[in-house]
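The following pair of complexes shares a single chain, chain A, combined with chain B in the former and chain C in the latter.
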Partner chain A sequence: MRNVGIIGIGYTPVFVSKRKDVNIAEMISEAVEDCFANTGLGPDDIDAMVFGNMHTFEGVNMPHLWAADYIASLGKPVMRIATGGTTGMSAIHAAYYHIASGLHDVVMVVCFEKQSEGDSQVGLMGIVTPEIMAMLQAGIDISGSSGMGALAGGSAGAISFQASSYLARSGAGIEHIDGMAALERRNAAKNPYAHLKDANATAESVARTALISYPIRFGHICPTSDGATVAILASEEKAAELADGAAWIHGLANCASDASAGNILEGVITDPAEQMPCQLAAKQAFERAGIKDPKKEIDCVEIYNGFAHQTLMFLEKLGMCEVGEAHKLLDAGELEINGRCPVNASGGVVSTNAIGTSAMNRVTECALQILGQAGEHQVEKDVHKALSHGWGGLMQYVTITVLADKPRKG
Partner chain B sequence: MEAPAENFFTPVVPLDFVYNYRVGPYIERYLRGFKDKKILGSKCPGCGKVVVPARMYCGPCNRRMEELVEVSQEGSLENYTIGHVILEKGAIKPAKGPYMLGLINLDGTDSLLLGRVEGVSVAAAKPGLRVKAVWKEELDGDFKDLDHFEPV
Partner chain C sequence: MEETRIVNATWDVSTFKYRIEGQGLTRMLSGMRDAKLIGIKCSKCGTVYLPGSFYCRKCHIEIDEAIEVGDHGEVMTYTVGYADVRGNPLEEPRVSPMVKFDGCDAWVMGALEGVKPEDVHVGMRVKVAWAEERTGSLQDMQYFIPE
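Take a look at the complex of A and B:
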């Protein structure tokens, strides 16, 4: 397979709760124009397009076609990807397949969400409702069960079992979730494209926010954001011709488990925080990238964390530390921007969540770290290899992308 | 309640979908123009074509259209259909009577604008028929301000 590099990135000028000044297509075009401006490339340089966003969130079917001229896609091959929260990284993967296969040389990925125009919880219910139906298989009365009690909190309710299971098995306390959230809010304050920023956040200030569904507090939860992200990927030959540098994809993988696993109804799984797909996908991506010890070889990590406990939980599942060790790394300051294992220097999904872009931004943020273009939130250490993680689907689907500063050999 | 012959579950999902589509600055200006009985299009700096309603991009040229221009209120009927039902708050209901919807090429523009057409029999409707815009008496800056088209 051919080498594929990310040669350009574009964002909407801001990621905020409500972009009242533009419509959906106009907002997306801002990121497209930003990417063209950053790269000096134009529509004529692009061979094919991949587009992604959450199904049902804005109530716009086929937005990739509806916004065709706003993403400069007229007359080009275009496909839409929708895999849930992981959509943005699946879109990057699709572009990788386009190029690695030799079919196309330069592919643009466009992802967006404008959550202010729809009802995200209703959108989520549209996705989750079929999952609730799976409870019937376990003989659970969905109309009045404790399962529905958890769901009443929306995705925060559904995730609370995962969080409490993580705490019980890791030895971490709710104060570590507070501390992780505070770290990411502080990182977000350095990122012009982050949504919830608080340069002065502390574990104590997060601990003062309301408890939503134990152990999840308001301060642990992502916002709903409006924003769009664009990336241009190219073959090695085209990257040399069109760009000064690139972040190279060394390994990628995705994995799903039983649709009812990982959250409310566990099926045959007894640990709601098991996240087996994360462990399997990470292992496969590391193998493809030739990484033997991620603890030593990965310089920074971007984790998909709609909820702050997930940063710690997934660090363990990804093999970036031992089980039960993540909260100790947090206490030791090693997860900070200037730490040994900087995680979510961007502020993470918990600070910015235009969902279609969220898993994609994990990759683009790792690419910016490798290219040394992250600005104020550039991590202190040199970044040669970076790990990005996406999570979503029915809470049991994980995508992994490993980036590096040089093309892969062999 | 009678037990069903087969044991199945029929979930009722009482979701009330509310979407608040922002029309964006181009359509906002287009609708503001309605208050002055003006129809605004946007002109492409590349190919020079004018499209109505005003929009941001000329897709074929991949150019941003910054210039808004007032266009003629007269044009030619390009095509039409006859409707017998209407859509009201998402539900299809019978119309009071058959009505004509036309695609109108306003003079000097390179696009087609959809509008209700009155005063034309089916026998008389043919491509090229000259029509003009008719406004509501009270203008609200709403799509409904441009009430219909009728023969010149």
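Take a look at the complex of A and C:
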């Protein structure tokens, strides 16, 4: 397969709760224009497009087609990707397949979410509608006060079972979730494209926020954001011609498994904190990238963490440390922006969550670190190889991308 | 000034008759009338599903061996809720565990009564508090209580 590199990145000027000054297509075009401005490229340089966002979150159909003028896609092949929380990274993977296969040379990826124009909870409800329908008929008490199948409410409710299981089995405490959230809010304060920023956040200040659903506090939870991200990927030959540098894709993988949420009708048999797909996908991506010991060879990590305990949990599942060790790395300061294993220097999903972009931003942020273009949130150590992770589906789908500063050999 | 328009609507869920609900869930509900939990066991890997699945997700084979599982079990994970589904604060925090019944592989959600949130822990033993008058509904299992 051919080498593929990321040669350009564009963001909307801000990621915030409500962009009321632009509609969806106008907002997306800001990121497209930013990417063209950053690269000096234009629509004529692009062979094909990949477009991604969450299904149903804005309640609009086929945004990839009606935004055609605004993403400069007229006369080009366009494919829409929607794999849930992982959408943005699946879109990057699709662009990779386009180029690595030899079908196209230069592909633009456009992802967005404008959550202020829809209802995410209604969108999420659509995932479990058949289950809920049958359970209602069978006498479930939707208020959750009695009866089998009491609901915990929304994604924060479902995720609290995962967080609680993780804490009980890793030896970490709720104070470590507080500390992880604080670290990421501080990192976000250095990133102009982050949403929730707090340069002075501490574990203590996060601990003062209200418990929503034990062990998850308000301060552990991602916002809903409006924003868009664009990236241009190119073959090795085209990258040499069009760009000064590139972040090279060395390995990628994705994996799904049994749903640990939303499958109440036929019995949930999986620990929501097990995350076997993450372990399998990481192993496969490392093999493809020729990485034998990720602890030594990976210089920085971007993890998809809608909730702050997931940074710690996924560090272990990805093999970046031993099981039960992530909170010790946090305590030792190793996860900080100037630490040995910097994680989510961008502030992570817990600080910025325009969902269609969230898994894509893990890749673009790793690319910026490799290119040395992350600005104030550039990590202190040299970055030769970086690991990005996406998570979503019914809590059981994971995408992985390994980037490096040089094209892959062989 | 933000304007919100509220549209009242109803959704008659009784008109949907999915094939899936006629299987393991129906079998479990009929057992609950007799204060029994009936799951389905995979003949190949031995996984016991509750409510019973008629297809083993691990082995990719059809399964149909009904098996009674215990109504005692272990808290595998739990959460404590402080608000109801509409976001209104609850008078008392509500403990919701996922429980693995003895002889069963499924993690079943429910409410846990009779224990303070700070005393709940993963690994604690609980049992089902059955309703006195049972009708073959999920409500027959009122909640969990400590063993």
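The rule is short, and it goes like this: the second predicted complex is superposed on the first by the 375 of 410 C-alpha atoms of A that agree within 3 Å, B and C clash if a C-alpha of one lies under 4 Å from a C-alpha of the other, contacts with A are read in each partner's own complex, and residues count from 1 in each chain.
Criterion: a residue touches a chain if its C-beta (ideal position, glycine included) is under 8 Å from a C-beta of that chain, and two chains touch if they have at least 3 such contacts.
These figures come from a predicted structure and were not determined experimentally.
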Touching partner for A:G8 - first (chain B), second (chain C), both, neither: neither
Contacts of A:S160 with chain B and chain C, given as first, second, both or neither: second
Contacts of A:P342 with chain B and chain C, given as first, second, both or neither: neither
Chain B versus chain C as contact partner of A:L211, first or second or both or neither: second
If touched residues of chain A are counted for chain B and for chain C, the larger one: C
Which of chain B and chain C A:A168 touches, first, second, both or neither: second
Interface residues of chain A shared between complexes with chain B and chain C: 133, 136, 142
Residues of chain C touching chain A in the complex: 13-14, 16, 18, 20-21, 24-25, 29, 39, 47, 49-53, 57-58, 76-85, 94, 96, 98, 105-111, 117, 121-123, 135, 137-143
Chain B to chain A touching residues, read off their complex: 9, 11, 13, 15-27, 56-60, 62, 64
In the complex, chain A residues that touch chain C: 130, 133-153, 157, 160-162, 164-165, 168-169, 210-216, 258, 264-273
Chain B-facing residues of chain A, complex: 19-26, 29, 33, 42-43, 58-59, 68-70, 72, 74, 116-119, 122, 125-126, 129, 132-133, 136, 142
